[in-house]
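My structure is below; once you've seen it, I'll send some questions.
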Amino acid sequence: MSFWVEVIVSILLIIGGTFVLVGSIGLFRLKDVYCRLHGPTKATTVGLGGILLSSMIYMSHHNGYLSIHELLITLFLVITAPVTAHILAKAAMHHKVKTMEATRNSHMVTTAREQRPPVSDNDAGSS
Amino acid sequence: MSLFWIPVLLVLGVLVPIICERFGRNVCTVATMALPGLALAKILSIVPEVFAGNVITEYLSWIPSAGLILSLRVDGLALLFALLILGIGLLIIFYASYYLSEEEAIGRFYAYLILFMTAMLSIVLANNLLQLWMAWEITSISSFLLISFWSSKSESRKGARMALTVTGAGGLALLAGFLLIGDIVGSYDLSVVLNSGDTIRDHALYPVALLLVLAGAFTKSAQFPFHFWLPHAMAAPTPVSAYLHSATMVKAGIFLLALFYPVLAGTDLWFFVVSMTGLATFLIGAYLALFQHDLKGLLAYSTISHLGLITLLLGINTQLAAIAALFHIMNHAVFKASLFMAAGIIDHETGTRDMRRLNGLWKYMPHTATLATVSAASMAGIPLFNGFLSKEMFFAETLDQVALGSLSWMIPVLATLGGILSVAYSMRFIHDVFFNKEPEGLPKTPAEPPRYMKFPVEILVVICLLVGIVPDFMIGDLLAISATALLPDGPLPEYSLSIWHGLNLPLLMSVIAIFGGLLVYAYRHPLYRFQSQFRETDAKLVFEGIMQGGIQQVSRLHNTLSNGSLQRYIALLLILVIVMTAIPIIQLDSAAGNLTDQAVNGIEITLAMLLCISAVATAILHKQRMIALIAISVVGLIVSITFARFSAPDLALTQLAVEIVTVILLMLALFFLPQKTPADSAPKRIVRDLGIAAILGGIVATINYAIITRPFDSISDFFIANSKTGGGGTNVVNVILVDFRGFDTLGEITVLGIAALGIFKLLTRIRLSMPTANDKGIAWSKDVHPPILVMISQSLLPLALLVSAYIFIRGHNLPGGGFIAGLVTSVAIIQQYIAHGVDWIKPRIKLNYQNLIAWGVLLAALTGVGSWLFDRPFLTSWFDYFDIPWIGKIELASAIIFDLGVYLTVVGATLLILANLGKLTTEHRPTVEEE
Amino acid sequence: METLYVLCVGVMTFSGVFLCLRGRTFPVVLGLMMLGYAVNLFLFSSGRLNLDGAAILGKSEIYADPLPQALVLTAIVIGFAMIAFIVILSMRARADLGNDYVDGKEPPDSSMNSPSRWSSKK
Amino acid sequence: MSIITRLLPMPAHSFLLLIVWLMLNVSFSLGHIILGSVLAVIIPLLCAPLQVPQPKLKRPLRAVRYVFMVLGDIVVANVQVAILVVGPMRRIKPGFVAIPIDLEETLLITILASTVTMTPGTLSAELSKDKNWLYVHVLNMPDNEEEVISLIKNRYESAIKEIFQC
Amino acid sequence: MLETAVICVGIMISIALILNLWRLLVGPDLVDRIVALDTMYINSIALIMLFGMYNKTSLYFEAALLIAMLGFVSSVAFGKYILRGDIIE
Amino acid sequence: MMDHLPILPILIPLFGGLLMLLPPFAGVERYVNRRIGTTLLCVLHIVATIFLMNSVSENGSMMYAIGNWQAPFGIIMFADPLAVMLVLLTGFLGLASTLYAFAGTDREGRYFHPIMQFQIMGITGAFLTHDLFNLFVFFEVLLIASYALLIHGGGKQRTLANVHYVILNLVGSSLFLFALGTLYGTTGTLNIADMSLKISTLSAREQVIAEAGGMLLLVVFGLKAAILPLHFWLPRTYAAASAPVAALFAIMTKVGVYGIFRVYTVIFGEQAGQLSGMIQPWIWPLAILTVIIGTVGVLASPDLRNLTGNLVIISVGTLLMAFAIRTPEATAAGFYYLIHSTLISAALFMIADMIGQQRGKAVDRFVIARKVQQPALLGLMFFVAAMAIAGLPPFSGFIGKLIILQSAFSDSDKVWVWSIVLISSLLTIIALSRAGTTLFWRHAGDRDKADKTAVSYWQIGGVSLLLIASPLIVIYGAPVIKYTGHAAQQLHDLSAAVSVMQLKGVQQ
């Protein structure tokens, strides 16, 4: 295996791994459900993309032909991850999970969970 | 004509009354008597041969390996009993046609009676111990049916059950005795057994065999202490009492003693047990007979007493005593049967059997009274009647023994005492019923019975008189020839059958007995007063009490043991597993084998840690069900990663797919189940369960470790070697599944299909309450089908189907296959159900999932049958490679069709389950219960 | 590796058995699933543990024992069918009996008695 | 209706399926192309009853550009999120915004929502029933909410409108 | 170098998985746990791809693809459960 | 077709069950088609089995290598006299149950006939297969079919009984797999005969591991067979099942017993060195206690179905005694008894159902209730069945018990076997006489004339088929016992099986 291929593969791998870890750290550290949803849906997906890319290059090199089926997994994740996040965010709102204190416009959860259009701050305060 | 015709005729005779009942009572009676009559004729026809001293035997092989060789034997003893059974039996049938009232099912009654007769006759004619025993048991059963003939009466049922229980118990002891004798002798053939007396008596197990046989004989013959059932058997119609409980069945025990006399008698044990039992029974029966107010009760206890007398004679171990016993058997049968019939007439004509109300009947029914008086005199042992002769022989024999040493004098004294009591109760039977003032408050005005109802009694009374007056002429030959059966060795001892033997001690005893008896009867009232101090114990109540109490205790024990607690059953199961596996495992000095542990890295440790933590978390958090479900999903995920890690990609895929489908299923179900487990088991139980779980976990781990650290040879090398050449695939696991062990897979998809059908059955007409809010009390969201989800789901469907096609097609050579492909398809469709809902999907998917299952399994099975066309066994695979221009080499294999069957079944089954489960909350729910 | 493996099997057996001994259907179902995992791993390992030898011809030199893999696959499928049945059966029991106790009624020795027992008798 | 349109109700789908098939099998052999084509015809036919008609892609090239733009945004966004996540938690000031959307078709809304979720610190949390408002959770809200709204509307929604020309 | 990278990433994913499990067990809300499970699915894909690279085989690809597909269905089902209780209606 | 005889009894019900799911058999209104079809299938199954039996009697045990993969690698169907006899029994029971169900049971819910066929298939397969894992698969087939049949007709009792039954058996199936893993992990094979050859070549330590596997199997089979203390599920389960189902279930305990006979005379048989007779110390007390606990249950039963369930437990205990004596003679006696007890207990379940049908709400409980409508008919059937099951002559139970008693070999065996069997018989007689007198003779008032609950001819036909068999196996006792003797001798003859399957290995 040529050195440069190995370098690229390794770098992509490390980057991917880092993002995966960051995603999980986010899940671990962030203070409310809505924030935590950002971790897995973004960082982890991207991290996985990195690892898959690395695997793709590596396997193509190893097998001697272009091994692009790893792309399919990425494609799949890119399509599905937002939906998962969306459904889970809906679920969180439905469960009336508390938002962290610093959250702005947290009153929007009330209208959002009923799928109503937003009301202005004043309205929200009065209702 | 073969002897076997006798039982055959009688068995056929059982059916006659049932068939003839519709033609009227008289026809029925005559028809019923016909076949036993023929049988009697057959017996009579061989009388000369038997009198000539021959023993007639016939054999018919049946189950020789079990010693069951049907075989009949007629010797003197059998002849004597056969004549009694058939002769008295015919009289009883005749009598019964008058006794039973018009509305009673006489056909059934006769059928039972003939059944009994068959069995009884089979006992005496049997030449094989097991055959004898079979007949013996059938007498118990038919006796049960006859006693309970008036089944609506509680006393009939209870009396019948008691008789069955006691004689049944004795019968089982007898079987054990017979088996033991069969073992000792090496044959069940009576001809052999009867010639092996010394072998048996010398055998170490002789006492056991003897006691077992005696248990059978004594229970049947109502010997003390088993006598209590007999009086209660009197709940039977009187013909039954006359036949079974005086003349024949109770004599079966006596017959048995007589039959085995040459084999078992002659020892001290025999003497002691048999004679003492007989003596006790004789006295107790006679004493209790005196105090009965029921006519039949008196006769019943008198029967017990006389049976005791005969037993005593057989126990005395002298030859003359044996002859006396035989003589008394005949005499007792005759006079007691006639007495019972007389009692039946009285009952029939007056409506009561209570001697306190029956008085002075001579005036109303003098003819009957005369007959009864003659029989009763015979019972009392008055000279000129047959009872006198045998009783005098009995007195003589009690004098002629020394077995009790210096106490031997007691036996004649007690015998005389018994004689006194016999006279007393006989006197009561005559005086209290036919004389002694006027009747009191009888339900009916007494009168003579129909003319022919007395006919059987008359015959028997005539016999009583004839035997009593000219005994030698009447029964001398019969007695002699039957005695030779008991005393086969050498000539019979001298004895004389005549009325007058001169002035001797036995005559004195008779005289004492007669006058003593009269005296006792005269002073009976103080005796009654004395006896009334003792609380009368009703054997029936005691017996029922013991039975009920026993059954209650047993039920309590049973209910304590099987309390309907599944937890207990599982715990018992697992404890048994622990005990049984721990014992071998403890013998293993060390679990480790000689393979060294492979190295582990951090990832593996992490995975193991995650696995263990989530497994334990599932257990700990099981009360919060959704969380437990999430935790177990992690377990499933890591298990599939583990499979992947240990070179089992197929397993990883399968595990993963199954896991997801199962979790979806559980979620669907959880909606209808409580969300949380509110109450829990007591801490003690939790500790117990933890203990069981921990030990079992330890044992499983130990066994697992012991296995995987040892090398082994397996048949798998064959599969690897032949996968490509023999199965046409490079994925050995898949080739095993669809080819080498395709039969397992066929079974497996059958299981899946049946499960789906069963689940559909479970879901039909299910009435579930749906929670309207979650466990936090938050009402469900109103967004039933989130548009974004709907959109993405429908775009993913073609992709998922493509992936499933991909997994299916490559399965034979690379990880994949029909099963996983099927699950992927199912999950994709389920995803559509989740996103769109049932109402939307239902009109759009026209698949009949039931047919899909059927076709799937059918396809797989047909692939298997297809190999028959090529003369190969079921499921023999076929594959070949074809070179197609431009495309190259492609492989076609029957396994692909098989796998397609698997695919269809999986899709059909999964969707049948999940879709129908989903439908529960919609109007499409399965409601048609009937197919 | 072997030690680690059997540790997992043991812990899963432990957890599965404990859950199987609970008094309500849902935990018992979880227990049976868990026991199923343990059993499958156990049966799988009877062909010994092989780290790099998937039984695909031509992909490696040493092959893992394919037979237990096939057996486990069958066992997984059968286990799935069985679990599906028991899951629906517990629903049916809940519907028919009005509670989710495996015995159809509260066990006599259950010490606690929560007032808010989830039951709906119609 | 011609046979071709009947066999290929969704040619784009079919083409995509063929490509995916070839990718899956890592093979461009004739055999796989034939097999893939067969599947690419059959599967859409099987799925047709479950498909709701969708707006047609009008400007494919623009779409490709959009994809690359989003990919780029994803990478950038993730670096930002990563820094936030690793850094001190108190610096994070999350919030909700409601974005008024002009798209009508569910498909387009879905694409927008997905894009929003995949890119900088935003997550599509809810869509109002009338499909006029997209509630978005923002991981680190800029002081001015309008920045987020205008970013989404200008950078993504307009692009989508352009691609589908509606 | 690649060897080291693989090991490093392996450790990273391990840590990630442990963090996921922590969140899964601690919650506090059910949604947190589901998010954790979903993340675990994705991290497992990474892990399996890593195994593949480590063993220089593409046999693990299907497993990864399947986790991606099925994990999505599972997470959506969990979400739907919280929203509606009844996941197919 | 003759070459494929050993597989036909499995395939006929399999195909039959599948066809029943498809037109022209599927559907609410086509029940007549289904009845005709299913009767033909049952008859076909019996005919095929009789041909097989004939062939096996003439030419010796047959083996059938599925997929043409020879032993020990492929799955072998091994039709020895024992297996064929049990398959015939299964077919016979299946036919009787099916006919009985025509009275209406088959229309009380869906899929009755197909699942019945699958049930027959599962049982048949379990008897015929000579592969331990395939045995597991067939166990699962018969179990899942029994789960589905058990809930047929619905009702609380059935659901509850099914919950217990299913959970216990799922635990049992897990144990079976543990056992399989252990045995494969030590012997490296799955074919039963081959395993018995391999066992003898193991080192002492490996044998200890195999012993643990063998013990696990004993628990598994014991659970199916309902031996103490794994019997608790049986009476309630069988009592809850609808009558034809309970009747067919009568053979299911025998599958467990069969497993014990097969595994512990072949795999852990005489060639197995220190493992030979390893369950002997267990089986004696378990057998005796099983008979005792069954007898206790018989006495304590509140109704006839429970009583019959407990009779099944007694029969299992008695069979285990026959096994424990460990001679071909005792085994043969056990087989005879097995045929008898299966047929009669099946008949009793049906009789209990018919009695219950005529006694209103009291059904078959031992309480005073209204009079049965057809006392003569039902009374006769009950009487015959009770006599037979209690071991009273001249019915089959007597012969069965007699030859078991005769086969007790040593003095201590005699003491145990004789006393236990005989005392249990006596108590059974007592219980049955109480049951019969209560059911038929204790009644409150006459029945309402308008209330027509007469049994149907299908029911009479089904029961008669079973009851008639009892005197038949008495009259033809000699050939039957000769056959069971042959079956027992073949079971004990490992070398014959090994040579039929052309296995290579250590032989003794």
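Should a chain be cited, it is by its letter among A, B, C, D, E and F, assigned in written order, with residues numbered from 1 in that chain.
Basically, contacts are C-beta pairs under 8 Å (C-beta built on N, C-alpha and C of every residue); 3 or more make two chains touch, one makes a residue touch a chain.
Predicted, not measured: the structure shown is a model, and the values here were computed from it.
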By label, the chains that touch chain B as well as chain D are A
Chain at the geometric heart of the assembly (C-alpha centres) | F
Pair joined by more contacting C-beta pairs (A-D or B-F) | B-F
Could you work out which chain's C-alpha centre is the most distant one from the centre of chain B?
-> D
State, to the nearest whole Å, the distance from the C-alpha centre of chain C to the C-alpha centre of chain E.
-> 21
Chain centre separation (chain A, chain B; CA means) in Å | 71
Whole-Å distance, chain A centre to chain E centre, using C-alpha means?
-> 12
For chain B paired with chain C, centre-to-centre distance based on mean C-alpha positions, whole Å = 40
Indicate the residues of chain F shared as contacts by at least two other chains.
-> 133, 137, 140, 144, 147-148, 151, 163-164, 167, 171, 178, 181-182, 184-185, 190
Residues of chain E touching at least two other chains = 13, 17, 30, 34, 36, 58-59, 65, 69, 76, 78, 80, 82-83
Per-residue overlap in chain A, given as positions that touch at least 2 other chains | 18, 25, 37, 39, 45, 67, 69, 72, 76, 79-81, 83, 86-87, 90, 94-95, 113, 115
Could you list each pair of chains that touch, in label order?
-> A-B, A-D, A-E, B-C, B-D, B-E, B-F, C-E, C-F
Note which residues of chain A are touching chain B in the complex, please.
-> 76, 79-80, 83, 86-87, 90, 94-96, 113-115
Using the touch definition up top, name the residues of chain E that touch chain A in the complex.
-> 1-2, 4-6, 8-9, 12-13, 15-17, 19-20, 22-23, 29-32, 34-36, 38-39, 42-43, 45-46, 49-50, 52-53, 56, 58, 61, 64-65, 68-69, 72, 75-76, 78-80, 82-83
Residue positions on chain B within touch of chain D in the complex are 783, 786-788, 790-792, 794, 797-799, 801-803, 805-806, 809-810, 832, 836, 841, 844-845, 886-888, 890
Touching chain D in the complex: which residues of chain A?
-> 18-19, 22, 25-26, 29-32, 34-35, 37-39, 41-43, 45-46, 65-69, 71-72, 78-79, 81-83, 85-86, 89-90, 93, 99-100, 102-106, 108-109, 111-113, 115-118
Within their complex, state which residues of chain E touch chain C.
-> 55, 57, 59
